[in-house]
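Next up: some structures, all given as structure tokens.
Across the two complexes that follow, subunit A remains constant while its partner is subunit B and subsequently subunit C.
Right, the complex of A and B next:
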């Protein structure tokens, strides 16, 4: 009887969460589709817009979930997220890029191994660097860990840019003690300031080929070409399919991290967040737990980075500036740190409203009112006020909306800190246990004091 | 380390209804089933007893200040030993030295015959020496149940892989289910079961003290070190806490209690250690302590 109760209760919680998530996602998609209607998008444009939104919801959702393990659960103040992302994608590129003969002259090559090897290598490398950072830093107080991680992410970025690591020539044969290997690579390296062209197999294609779905996929594309989108629909469908792939990725992240959270392991992480001395005094080797959590989170951030940039065609060091780290932090804070569902919601809302929203808003206003050209500089914008005409200023503001995005994020953050510091779903009982903690044998859901007092035989 | 022959009066018949009569949930019979490994100890006038905790020549310097200066004592099994002294006498530092929160400058701490000096707090806790804190330190954003479930030793689910892998998660759930029963019985014993679903941060000061002791008990310790368990606790709750402590002591647990309140210690402990300015001023029975001139002077601020 109690087993079914437990199941019912879990289902209830699940349904509430799912409802909320679907409602938020639905609202975002409806808003974007409506905006597309206003812009006069055709089917192609609409699908592109949706694919773009899905992409950002996916990557921010994943990364916010990974950060939630560090900050929300364990209280580890990691502000070097982008460093782990960068390591992930750079290592993947290094391993999976074809040897240079196939690339351009100025480009460095890679080891030409299958993409799946590259992804695994990237994730492992991000985890190992997590270990490297964490080993000395976890003995420090929280704020020092923050300094170490942000410094680390900048070191990673400067290493990417450095000429020293730009290219290396790989010898034709490497003699190791017992055997010789013939690497296929000619030159490898980080590509310096010019970055790397990601000319390995498209990740979507690689995945579909492994699943033997590539041919059916191409068939589907052909059908779409004949019926819905006449010319070259593949990029659009690719984008959508990649978005779906990312959402599946979010689901897997969620599954992994909620299992981690709802376990004795997650309970110790929470205890460390609350008071490390207490956890220690209760016999928990807190260093080991912090290390494990940090490495897992860093590896997931590496995977997030790989999924984010793999479809981009190329990577350059400026993409890995700390602002990405802070975007992910904002996403987590909006959603509510400590809650896995909240982390994903925060990621989705951040992506849809704060990250992509302002640009859509600008286009929307410009499409709705034919406003003409914006002033070229701030002086011209202010000049309008002399004749009590605010229009130049409004136009100028609209025109600078991508720069103002950061201001908007700041305002939202300040508002949140004042009014809802725990975020949308923070401070919620996501009980850290693999089983329902109600009194064994009692009826009804947990939290019912009558049942908790009365025991089983009423 | 305690003997395991349970006396017949204490052993609990395996009665399935025992948990249901909430009124006498706190009765001793109820608990002995839960903490069955703990056994009755020889009565108090048994002569020389086994001392699980031995402290010898313990010394701690902070810069130029010597907070603890050559402290030696031992705590006998199944006793309530009080550690008292005025502010700054070095009681809490001694506690922290024993439990590994601080590393001693010199001296040794022995627990069950093993030298535990300088071990990490979690290593010491896992050997069966549990502590509570002076200001109750609850894990505030965790529920009372989560607080309690955290404590037991040897949880397989504390391994990340066991917790996330589908084939091993079953065993984690199994162990947690077993553990949960014990958690609820200890909650009953301390009469805080109605607070089980609350966030620990919402508890009153006294309830936190109860929770903290309950949590420490769940680590299955031989010796419990309580750092000012009665500070800021109202008289009713103080009485309850004392009853719990006495009951547990009868069950074979050993207590070392740091306390300001001299009367409380005098009336409840069979042995009292008085510290002053980092040293042990007097070590003896309450009667001996009461008659000691030095102790009275120390408490009245006189020159020693």
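Right, the complex of A and C next:
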């Protein structure tokens, strides 16, 4: 590849994706920093707010990318995402948590293996459960697949909550025919409704130790403590570092998925999305391709779940309700299914505007005006209108912003399906062909802007 | 067919369908453990009867809610994920009416209309119940249906109608948006708390004797059976004896052809929503009256079971929805004989998945009525 070639490619890339991504991310960060200025945040507050935003951009971006493999590329209508996420993090916790004897307050222990092993086990487990769901379910119609996957994710949640799987006692020695295993674990289990305390090594620390960067990192923290943030800057820097780690993860997801999409394997997936019968007629074993794509996507969702929850101190079953699945769907539809860049952008916009935005808006209003206490219920809120005083209602609305943001999400979803079902970048949905199908002279790829229907009506 | 032919066919089935063998083995194990449990006294007949009665009632609610879902599924060709929240809307509208009728004069109208949000009024104190406040209950059930019909028509006009021609999946995704908006608006207005709605203590009950004990039947159980049976019969007559039923069947077969034949498709769709949503609203109200508590998540939590019932019975068949509902309700209740009680709903989902694998068109398919 010659230098000019590289430059041309670089320019082409810059014109399209990098600028767009940077513009969106830049706008989000500027908005958050400005909001922080209004709140009167100091440096610590600003950094915390940025770390928080980065975290959600990272996880939603990652999961939207994984979903894009299912829906955008293959046309598999999976609404059981949160089940795979839950399996990922629960298996990681089970494998990596220290035994109860060493674990301090935790009631339920684990096998005490290194976190790396736990993460790999979690991803593999999510993939295996993907296989378990996909083997029977892939021959179903799209809407049946949807119902089966959401039922599966609920079964996963019931299992997490159940008393039956709450704790198991591991025997001191297990005799297997020729050799004896002596597990360190004493009590393991899923923790029931109380969930699990994630008392393994902090994931950031584990990663940096593996890379021999832990000492330099601590040195950097010490420098920051001396110069910028006087007392205890570590949690803030940890948050930022974890955010950066997630963004790197998003980059890796992106590379993996765009390479997959451009490979012969990916072309078959797109062909299945467009018309499964045709792909079948052309001699492709579509069931196998769908299965592989589903398992890969499920494993990535497991990884996404691990990265989302592993740095939290604990996990509880209510975090794994189907709402999370629908959040990721909304993110994908905003961005445009079928486009990897679009998926990430959708994740970022969803995280910054719809997921975290309303809360910031509420804080902004409360910081700008001194507003007193909100009414406790809707009745008191409406009572103000009797004396033509809208303030109680406004206060109640602001106070209920965490519920209303879900209303907003619903309305945005309806609006998108009415007006722009292809999302931001869905018009760039990749075609199944390996050559450019654009007519000479017209710009951009041809084809109708594909609706978010997975080729169902074609 | 000779004996040997039958034998060969069975052997083929067994070798080709490993899953079928699994299902068969599980069924045999269940029968054996139930029989041995009953014989050894580990499972009481009366507690089994009580589970079956509970499952039957649950099944009636699921079936009643399922008729509406099944009708819109077959005529508009999409799985309406907002259906559960239609149930909740009906329940809230109906209960607000009941509260208002039962408690007007002594309590503030606002608190009554908000179904006692934030603990301002309690259903128990108002004496909500079919025997203690019959007028409140009847009006509540009526209003539940009317409010849900109005809601469904408004949503159809502004949300579904503009994208009528889109694929089922696009409509499904839209309905998820409707579900979110509706559910959290309900939470915004009525609050997040789960409230008790009936005077549970003063509901008349009889203990029906079973072999080794008794099981309890309350007046609310009976009223649920009466309402469900009445509405189901009504829908049956409506769809069998009127032109509407025929038009609906034609539309679910082929909408274009139906329109060419002169069937006013939009009017049929509107009627479908009216019938379906009316049943759904009443089902939501009866559900809340029967279980005695009301929360903004109730319908959503029931929705997957309703889907299971509709798929089980075959989409578009009202008998299928009722039959499927009863099977799902019984599964969710009675399965605790074999498995831990946390997994009752999981067992119902599993039954649905198994049916989808072996008979994706549903067990009552081919006898469609709507």
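To be clear about the criterion, the second predicted complex is superposed on the first by the 412 of 458 C-alpha atoms of A that agree within 3 Å, B and C clash if a C-alpha of one lies under 4 Å from a C-alpha of the other, contacts with A are read in each partner's own complex, and residues count from 1 in each chain.
Assume contacts are C-beta pairs under 8 Å (C-beta built on N, C-alpha and C of every residue); 3 or more make two chains touch, one makes a residue touch a chain.
Computed from a predicted model, the values in this text were never measured in an experiment.
Trainee: Is A:431 touching anything from subunit B or subunit C once the two structures are fitted on A? First, second, both or neither.
Mentor: In the superposition, A:431 contacts subunit B only.
Trainee: For A:264, decide between first (touching subunit B), second (touching subunit C), both and neither.
Mentor: first
Trainee: With the two structures laid over each other on chain A, which partner does A:372 touch: subunit B (first), subunit C (second), both, or neither?
Mentor: neither
Trainee: Pick one for A:417: touches subunit B only (first), subunit C only (second), both, or neither.
Mentor: The answer is second: A:417 touches subunit C but not subunit B.
Trainee: Is A:155 touching the first partner subunit B, the second partner subunit C, both, or neither of them?
Mentor: Once the two structures are laid over each other on A, A:155 reaches subunit C alone.
Trainee: Of the two partner chains, subunit B (first) and subunit C (second), which one does A:256 touch, if any: first, second, both, or neither?
Mentor: A:256 contacts subunit B only, not subunit C.
Trainee: Quick check for you: in the superposed arrangement, does A:40 touch first (subunit B), second (subunit C), both or neither?
Mentor: A:40 contacts neither subunit B nor subunit C.
Trainee: Subunit A residues touched by both subunit B and subunit C?
Mentor: Overlap of subunit B and subunit C footprints on subunit A: residues 452-454, 456-457.
Trainee: Residues of subunit A touching subunit C in their complex?
Mentor: Counting only subunit A, the residues touching subunit C are 77, 136-137, 140-144, 146-148, 150-152, 154-155, 158-159, 161-164, 326, 329, 333, 376-379, 382-383, 400, 403-404, 406-407, 409-414, 417-418, 421, 451-454, 456-457.
Trainee: Residue numbers of subunit A touching subunit B in their complex, please.
Mentor: Result: residues 256, 259-260, 263-268, 270-271, 273-275, 277-286, 289, 292, 296, 338, 427, 429, 431-435, 437, 439-441, 446-447, 449, 452-457 of subunit A touch subunit B.
Trainee: In their shared complex, at which residues does subunit B touch subunit A?
Mentor: 17, 19-22, 99, 101, 120-123, 125-126, 130-131, 133, 137-143, 145-146, 149-151, 153, 155-160, 163-164, 169, 172-173, 176-177, 180-181, 183-184, 193-194, 196-197, 199, 215-216, 219
Trainee: Taking the complex as given, what residues does subunit C use to touch subunit A?
Mentor: Answer in residue numbers: 19, 78-79, 108, 110-111, 113-114, 117-118, 120, 159, 162-163, 166-170, 172-174, 176-185, 187-192, 304, 307-308, 311, 340, 342-343, 345-346, 349-350, 352-353, 356-357, 360.
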